[in-house]
Amino acid sequence: MTQAKKHSLRKKIYTIIFEAETPVGKFFDIALLILILSSVTVVTLESVVELRKNYLSVFLTLEWIFTIIFTIEYFLRIYSSPKPFKYIFSFFGLVDLLSIIPTYLSLFILGSQYFLVIRVLRLLRVARIFKLTRFINEGQVLSKALRASMAKILVFLGVVLTIVVIVGSMMYIIEGAKSGFTSIPISIYWTIVTLTTVGYGDIAPQSALGQVLASFIMIMGYGIIAVPTGIVSVELAKTEREALATTKVCPNCHKEGHFNDANYCFNCGYSFSNFQ
Amino acid sequence: MTQAKKHSLRKKIYTIIFEAETPVGKFFDIALLILILSSVTVVTLESVVELRKNYLSVFLTLEWIFTIIFTIEYFLRIYSSPKPFKYIFSFFGLVDLLSIIPTYLSLFILGSQYFLVIRVLRLLRVARIFKLTRFINEGQVLSKALRASMAKILVFLGVVLTIVVIVGSMMYIIEGAKSGFTSIPISIYWTIVTLTTVGYGDIAPQSALGQVLASFIMIMGYGIIAVPTGIVSVELAKTEREALATTKVCPNCHKEGHFNDANYCFNCGYSFSNFQ
Amino acid sequence: MTQAKKHSLRKKIYTIIFEAETPVGKFFDIALLILILSSVTVVTLESVVELRKNYLSVFLTLEWIFTIIFTIEYFLRIYSSPKPFKYIFSFFGLVDLLSIIPTYLSLFILGSQYFLVIRVLRLLRVARIFKLTRFINEGQVLSKALRASMAKILVFLGVVLTIVVIVGSMMYIIEGAKSGFTSIPISIYWTIVTLTTVGYGDIAPQSALGQVLASFIMIMGYGIIAVPTGIVSVELAKTEREALATTKVCPNCHKEGHFNDANYCFNCGYSFSNFQ
Amino acid sequence: MTQAKKHSLRKKIYTIIFEAETPVGKFFDIALLILILSSVTVVTLESVVELRKNYLSVFLTLEWIFTIIFTIEYFLRIYSSPKPFKYIFSFFGLVDLLSIIPTYLSLFILGSQYFLVIRVLRLLRVARIFKLTRFINEGQVLSKALRASMAKILVFLGVVLTIVVIVGSMMYIIEGAKSGFTSIPISIYWTIVTLTTVGYGDIAPQSALGQVLASFIMIMGYGIIAVPTGIVSVELAKTEREALATTKVCPNCHKEGHFNDANYCFNCGYSFSNFQ
């Protein structure tokens, strides 16, 4: 095999594995999607005692088949990648590696095969199949809005955690060990369970004072959920509005981001009516 | 009966059964609404052991009366419909059929009468009575906004499910069978129960590490509920704004966003009466 | 006492009891507020077994004192009201009557004093003290937005209830009596508990299929909470925007409700620049 | 030490302790942040029985070290403050004092060291480190929006509490002590637990009527969470819009809403540079 042929083979593999534009590339991605989902399902089901007892050999066989396929895929990725080391140490490179290691480790360490669920992260890579649809775009709007909300949400979380520590300690002092509030960390855990309206009920206040304080936390939790919701709503609306504003470009200075009802370019003052 | 008379009878039945404009048609729909609700109530109550013991014959009689009425209605629909096969295989045609079959099946198969609750789907058909009110309109705005949000909500659900699988597996490894986390599917179920803030409490983490991870999931679940809410709010606002904005545009300056009762453009003062 | 004097006395009482503009009227309302709250607290505490055992005579005395005061107030309201019958059969008139009857009934019927909590509804009357503040205004914006959302929320609730009936019946068929799903009404109750993310945990699915269906309902419930929230947000924003629009009045035709950036009256076409 | 030197020393200490502009001041704040977090963690962990048994001396030593450091800091704050009494009686002055007292009290009163968790409030002071970032700004937008929503949220809470008292009493009458609804206060507590969708499950209705009423409350609670969320969303949007809108107005046509980097008015084409 000449160097040129080898190069063309590597490029072909690269197109199939890393891209999704060609029919073969798309087929590869759909096959990978099915393999990942099946593989995660197998790992998941193997943990059910009754199933493991009866079908252990089936599970083991399937696991090894999936792992060998993923291992081959991993080495093909390294082989075909123009910058192999950049791939190996990228987020997806590490996920790909972690998706095959636990099976080999399970030969030595019992139970390590459960770490195979990390394969579910590979789904994020296959999300690429939807590249041609509007999903990527929607995902970008969502993640942009979430990143813009991050600072406000962190301020909010800081206040919530301060409340949770203080209220948790108060509940420990009020209720004490006999009601299940055996320590401050447990009381803080209970406060989070209550504030987020999860409410397991494994620990619940027994004294009148404890129940009054609990009622107070519940109503607070019920109310302050409004804050992150409001933040995200506003940011989403803003992101979408900005996305709208970028559709108009000034024909004079080529600046983007005008409002739809703008008469003049806000950057160079060019009158849009000259153009139309 | 001549062909013409037969045709006019079929048309009359069609107007009564399929439409709700005439007084008789409206009366038919209200009677149907009451029959459906009574029938679903009877099926529902029959499942209560104490009631079934004492009133079984009453339940059976009522069930057969309802079924016979619905059967007659079903055949009248087929008879009066201009394209009977199109009706039979339409969504509502199938619901109508499934609403009567279980009673006949219950002669052979015990317990199949509970499938009669499918009759509740027939309520969607009777929603037509409200056609003349603003309900249909509101329903359309809602469903348009939901369809527009669908892509974003699917992206969101995909991310949530990935989180749920990974966290569920981590909880299985951390807590194990002694705390009730008997398998990965059960742990995933618990994670969904916790993330959605339902919190049954039938399974709850016992170890410190498990409780820390659980707290993390709860706060995350409490926070990310903001995302679908924000999405729907923004889409609803957009749908309503579009519904308003598309109704009136100034023919002179092309400014949008006039009130429905405006006589003059608020931007350039053009009289709308010049145009109409 | 002359007729004139009597009339002036009635008017004075009316001003004190029914209005809150004068200092005496305000004092009366604050005293009433305290009496109502104390009275509801007494009724509430009387139901606690340990307290009733030890302080029954205190509770009874206080109850009779409150009732006698409220009875006098009720007759003064009838006496001073210009149209006594209109007052008696108004919402607040009936609440006032129902707030005193149970004490008298408790002489004959045991336990009827607990119906005295209806007194809490009288608080809505005392909300009038806040008339001079911005609370009334805020309440009106809120209730206007809620009324505007009502049609959409009813459509939404109809769909939710249809889902709840169908899913409840499915859970009854899947899980059955051994998991606590003893009848379809109980299963519907459980579905509501789950869909609204309350999650008591007194009934919880045991089978794999039941847990999958339950997960599905939880995620749906977690998602569709976005719908009423979105509806109310949009309506609130609209109500507030409309409230803004009413601040500008056309100096020519006195039509209200112009946008802040309007140049011409949308009703008569008058140019606002002529005026400024 | 001369008076001038003393004054300069006090000013230096003031700059380090009270401000965060200088490198030393920033280092001080970060050290304080770590000390506070460590100290709260120690208090929290001390309450865990197993840990207290084994590491009591470690906990006590650490607690005294933290307390002595905080005491020195407290007196340095008094010493360096230009108006010591204003500092002592300020909110943060009181928090600083309460953060050291419990350790001294624990010599006489057992268990008082748990009140040390109040130190967590000192974190609010250290939030100053983030002064240079956008966090303070975001916090102000959030708190402004929350203050603006306060009146609406209070009206909302008033209505919710009235509902809770009435429904709680009804559940007490319907369910009674045998289902755990032992008194009206307990029933009100249960109603809050249910309405806020927390749902512990320690108390749950058993009778059919009770479950119907409970379902009603759950759906109501599920629906009315929309109200505070809507309120906060609208206020946040308004606050942000105002923050944007007030920054730039065209001096020629008085149109608002320009981007911060706009050179020309998008409405009339006026060059902003003519004006500045």
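Just so it is clear, A, B, C and D label the chains in written order, and each chain counts residues from 1 on its own.
The definition used in the following text is that a contact is a pair of C-beta atoms (placed from the backbone, for glycine too) under 8 Å apart; a residue touches a chain by one contact, two chains touch by 3 or more.
Since the model is a prediction, treat every value here as computed from it, not as a measurement.
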{"item": "Neighbouring chains shared between chain A and chain B, ordered by label", "value": "C, D"}
{"item": "Equivalent interface positions on chain B and chain C, same or different at half", "value": "different"}
{"item": "Same-interface partner of A-D, chosen from the options B-D, A-B or A-C, over half of the pairs matching", "value": "A-B"}
{"item": "Distance from the mean Cα position of chain D to that of chain B, given in whole angstrom", "value": "41"}
{"item": "Rounded Å distance between chain C and chain D, as computed from the means of their C-alpha atoms", "value": "29"}
{"item": "Sites on chain B at which at least two other chains make contact", "value": "185, 188, 197-201, 221, 225, 229, 231, 233, 237"}
{"item": "Residues of chain A defined as touching chain C within the complex", "value": "197-201, 229, 233"}
{"item": "Interface residues, chain C side, partner chain D - complex", "value": "40, 43-45, 47-49, 111, 114-115, 117-118, 120-121, 123-124, 127, 133-135, 138-139, 141-142, 145-146, 153, 157, 160, 185-186, 188-189, 192-193, 195-202, 221, 225, 228-229, 231-233, 235-237, 240, 261"}
{"item": "Chain B residues touching chain A - in the complex, by the definition given at the top", "value": "151-152, 154-156, 158, 162, 165-166, 169, 172-173, 177, 182-185, 188, 194, 197-201, 204, 208, 211, 214-215, 218-219, 221-223, 225-227, 229-231, 233-234, 237-238, 255"}
